[in-house]
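What follows is subunit A paired twice: with subunit B in the first complex and subunit C in the second.
Presenting the complex of A and B:
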């Protein structure tokens, strides 16, 4: 396709957004969600957009394609791509640019690929139909991209269907799809957020290599400043649709001007007081094995949780950490092994456990959205375990409900609300209060902060530590996030493919000498320095 | 999102429904007016009907429209308008009882199948598949032939056959809810099956079931009318719109539109109920919107 836009020379401005204002429709009202953001992006430059959920990062990213999500509209400003105003041109011209000159890589590649078509057909589609490239040439270029993105067996990779490749590979395939027409601008929208840390490293490396080789301009969106630090030259920190701070990457990490920027790594700054082992174990897991059908999810697990202690169960997705939580909660009967609670054998299924036994072990889920019944008020959600375990009713129960709300730092008026009227962090606090209502001795926390923003996470983790001090409750904290482990754990258990590969006191596990898999896991966690990825590559090469 | 959320004070059910009504589309309002009118006619039949249900008022069958008999008389010389008014009572009443029964049966087993899974689900689902594989009308006719066309038999047979569809809907809807964490949390707490169904599952699938109720009511109503038209539904001398169409069909040949009035009454009610059901379905599909 011949286009005046393709003759953008190196160093020229590719994208310039000025005073962009976007409104979203919320219940018959138009609210401004992007409030006058301006940015410029030159060829070969990577600009990171960082912020928490709802900051408007993705909305700005899509606006760079001249696209607005359903329910959003432009309220002002301009988006200029290579000198032409994207928003002023007709939709048909914008569509011709998308996929060829401006490309987009979405967060969830698994949801973005058509599962019924082979990868190659989908990757070359834009090049063939929009770019007018012969299919054979497009396929050859795709294979070259597969090679440059370090995908296995690049010649035949395209013959596979999306379900036949791993999540990390699919994300790289999507990057290949974005690059096939040699665009001038690529928008990456949280491309590695859904991946495990060890996979993330590979994807980050290959994306970065591809960006450098092709010299495109990149808008890199992420909630994780540590990741953006590896990819971008400059960073713009967004909050509530406004640019809080914009600076080169090194200066934003070393000397953030705005206090909000610092809160983006709030969890990293948490320092938990550690609790010495008191000697008597509250929970003992002995040789537990479990499976889903023929798939063995857990194999010979041995661990112990001391009274008043926090044991972190760490591992990547599929390591069996949540399965172990379900086994302990009595929701999944194990194939073999014994659970002991306070010295007594814990029956394998809920039905066989007495009411008092059930009371003493509680579980909190990752997603408070689905863990709270959307049709029940907070009062009913908290009131039920009070009635069920403690037989409370009437004024007594009401008093205790309000007490629980105060314990999780929520106002008493929240008792009347439905879960939909609470924010994510507040919902998780209600879920915690529901567990506390039983007055348990052990709480299984299954990734309870993973879906939350850093500052909200930090608040909840601090509160949990505080509750532990006051109530002497033990936590089995299931997480994939090493920062969370550093913040709150006393002991750490590392799980990989259903087996324990490492366990011990936090200081022993998380400091040298490392066990192999633990080292891999720790190395893969992005650090808040721009050269982390480079050093990692050097170390691995050595 | 930040840690502050939108504050909406809790509202009473009456105020909420009034508010919901104000936002209703015109079709829903029309539907509501139609349905309300039918219910009033059915409930007040003995007071608004000019004559008795079985009362023969004229020596002449098929009398034309006149001041005594506004819509003329039927094949036995009974007042046609009176028969239509009583027909509303019989048809709507029986269809309502049948639909309620069908929902009770189908809903109960559907939710049980979703909650219990395993062999209970297999047995129930395969049984329902088997029943659904036989065409409804033929099976109904067969069963009515076996048990005889009494009103109780009619209600039971249609309710049982219709409950298979409600079984599928409630099972599918409950399946979606059963897998959510809050139901598992209730199991982990040690709650019994009944509590889980009544408090955790049912409130979340009720909007779907209510909107489906309107739709199923129409089908049941049409089924009864069709059976009556075929002569195996409600038996004479009970007034029923389907059989009134059949009994007076000959008049159409003479250019008299009277037999089309009960047919129109059936059609109008079906449309009205569907308008209301559509509105409900739209509301219930967006769970978050109505809160």
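Presenting the complex of A and C:
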């Protein structure tokens, strides 16, 4: 393909979006989801787009490729790439630019690579079919990119299928795919959000190195300002499809002009007062082991949860933290070990536990969307455990439903709503109210705030702490997020590959001297300062 | 990751799964054969009395039954029958010809009809399915989708009679009866088979095309398809190179069902066109209470379904890269 656009010189404006308006179809109406956003991006510059879910970040990122998802349409404005309006040209010319001059890196590399094709075939595809590059040359360039992105065995890496490499490697492979044609602009859409923190560090470093070496213009999208601070020169904060503020990275963090910007790190600002255990242990886990088929998920777990205490179970994906939650709830029978609840041995299978035992241990899941029956009203969702555990009916039950709604800070009128009529945070509050309906002594919270925006998370965490004070309930809080642990835990248990590597009071575990793995985990958590990644690299090199 | 490691725990996951499927296939065949045998044995009416007439003496009936082996207990008859069936010997029909001589030529006719139809229908259905998926909601897709919906909704005998009325009775292009005799030339053969082929085409083409389209469109909503679009790949290439390899499993299974239908489900079409196939044979055998022939036909039909679905299963296992290339 011969490109009609003149090559963009260094420092020139690569992308200039002005007054971009995009509408999305909601039922039968078109609603504006991007409301007049303007931005410019020069060669060698990295602009961060930050905002929470629904802010329109990805929609703007895709519009930079002249692409709109099904159900979205352009309502106004222009997207100029190297001087030409992408939105005014025919689709065939836009398509010619995609993959060659403008590239995209998607959030979930695992879903965005075709499972049926080898990595190399996918990575060189655009270069060979439309960049006019012989396959051999394209493959050689891909290998060079693999090497510079620190992928293992770069010569043979491309022979593998997507499921044969790890998530972090796939994300770097996708970066290589974006760079294969030496584009002028790359859109990174939450490229590390699906990764564990320790993996994230490596991927961030290789992406940053690749950006610097190739001097491309980059639009870097993330919900996490701390991440963007490591990658971008400038940041634009978006909310409900509008730019709230735009400034160099340092001044956004040090002197945010808009209160919304500050709320982006709401969970970091929570200060949880930790209280000591009141003597007796409510739950004791003794030498528990569990496995899925031949895969050993848990190995010799010992821990205790005190009455009225919050124990945080921390670890990366695959560490076995959710498995332990399932074992305690009786959903997965362990291979060995004992569970003791309030002194008595807890039967390993949920069917063997009496009704009262079931009542005393409740579980809340990450995704309230799937944990609540979409066809039941909030009243019915809360009413069932009230009838089942406490035999309440009629006016008594209704009174209790409304009381529970007030406990989770929802208005009484929400009783008539269906889950689909609630926001993500409200749905999670209903799930919490359902657990509380049983009047439990222990609630297992499995990543219950992970899918929520910062400010919503902060609200729910504060509420949980408040409920604990009033009701004396214990939490086993499963999370991968160190900030959440800081905000809510009394004790911390660190899991790695099915074993406990560290446990103790929060102050002991999360402050020096550290156990090795805990240190790795803690230092991998991005800090709200632009030089965090640099300092981390220096420290590790030392 | 956990799932994969479990799947890949054996040395050759594909081999293990294939052997497992084969075992299951054989087991279903065994169960089906037992059901066929017992069900047919318990049919009301007695062949001996039917043949010999009401006036036959009990002695004649007993002698007749002994000759046909009907006096033995049914488990033994079942074992004898199944043992023979395994080597292609279905025993004597009640009309004292070998079952295999009764069925053999008829089965060949049915297979010829099925094969000719399949050779046209399968590639055409997959091609049209791809076209519909590529031009989804465009006029060509809308037209093909509604046309195939109509042809699925109409019963096959209705299509058969309409074709017969138009192409045979009114326009005299094709013969309305598909009588086939040994020694006919290939051209003559095809000419006489034209109307049944067309009827079967209408039925199977529509079903396979719609399923191919649905399988592709299902894959087209996956994130890796959006990624291919964002790499600027042309839409047709995306459908062929990115979507199709991931839709092979469901497409193979709908093709298998239709091929099985072409062998076992064509009774009505064969009867309408008086085509001397195995369906006709079975209908005749039922009418004459010729139990061995009925059993043999039923067994062949079930075997066709089981074997073809087994092949489709194996294709979809083999087309899964996670199984084909374990970690």
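Here, the second predicted complex is superposed on the first by the 538 of 542 C-alpha atoms of A that agree within 3 Å, B and C clash if a C-alpha of one lies under 4 Å from a C-alpha of the other, contacts with A are read in each partner's own complex, and residues count from 1 in each chain.
As a working rule, a contact is a pair of C-beta atoms (placed from the backbone, for glycine too) under 8 Å apart; a residue touches a chain by one contact, two chains touch by 3 or more.
Computed from a predicted model, the values in this text were never measured in an experiment.
In the superposed pair of complexes, A:373 makes contact with subunit B only, with no contact to subunit C.
Of the two partner chains placed by the overlay, only subunit C lies in contact with A:65; subunit B stays clear of it. In the superposition on chain A, A:256 makes contact with neither subunit B nor subunit C. Of the two partner chains, neither subunit B nor subunit C is touched by A:440. In the superposition on chain A, A:334 makes contact with neither subunit B nor subunit C. Using the contact criterion defined above for the overlaid structures, shared-chain residue A:129 touches subunit C, although it does not reach subunit B. In the superposed model, A:355 makes contact with subunit B only, not with subunit C.
In the superposition on chain A, A:97 makes contact with subunit C only, not with subunit B.
In the superposition on chain A, none of the residues of subunit A is touched both by subunit B in one structure and by subunit C in the other.
Taken together, the subunit A residues at the contact with subunit B in this complex read 53-54, 240, 329-331, 350, 353, 355, 358, 362-363, 365, 367, 370-377, 384-385, 388-389, 416-418, 420-426, 434, 438, 456, 459.
Those residues of subunit A that touch subunit C in the complex are listed here as 62, 65, 67, 69, 95-100, 103-104, 106, 108, 111-117, 125-126, 129-130, 160-161, 163-164, 177, 292-295, 297, 318.
Residue ranges of subunit B in contact with subunit A, taken from their complex: 1-10, 180-182, 184-185, 187-191, 199-200, 203-204, 287-288, 291. Touching subunit A in their complex are the following residues of subunit C: 1-2, 4-6, 9, 222-224, 226-234, 237, 241-242, 245-246, 319, 321-322, 325, 327.
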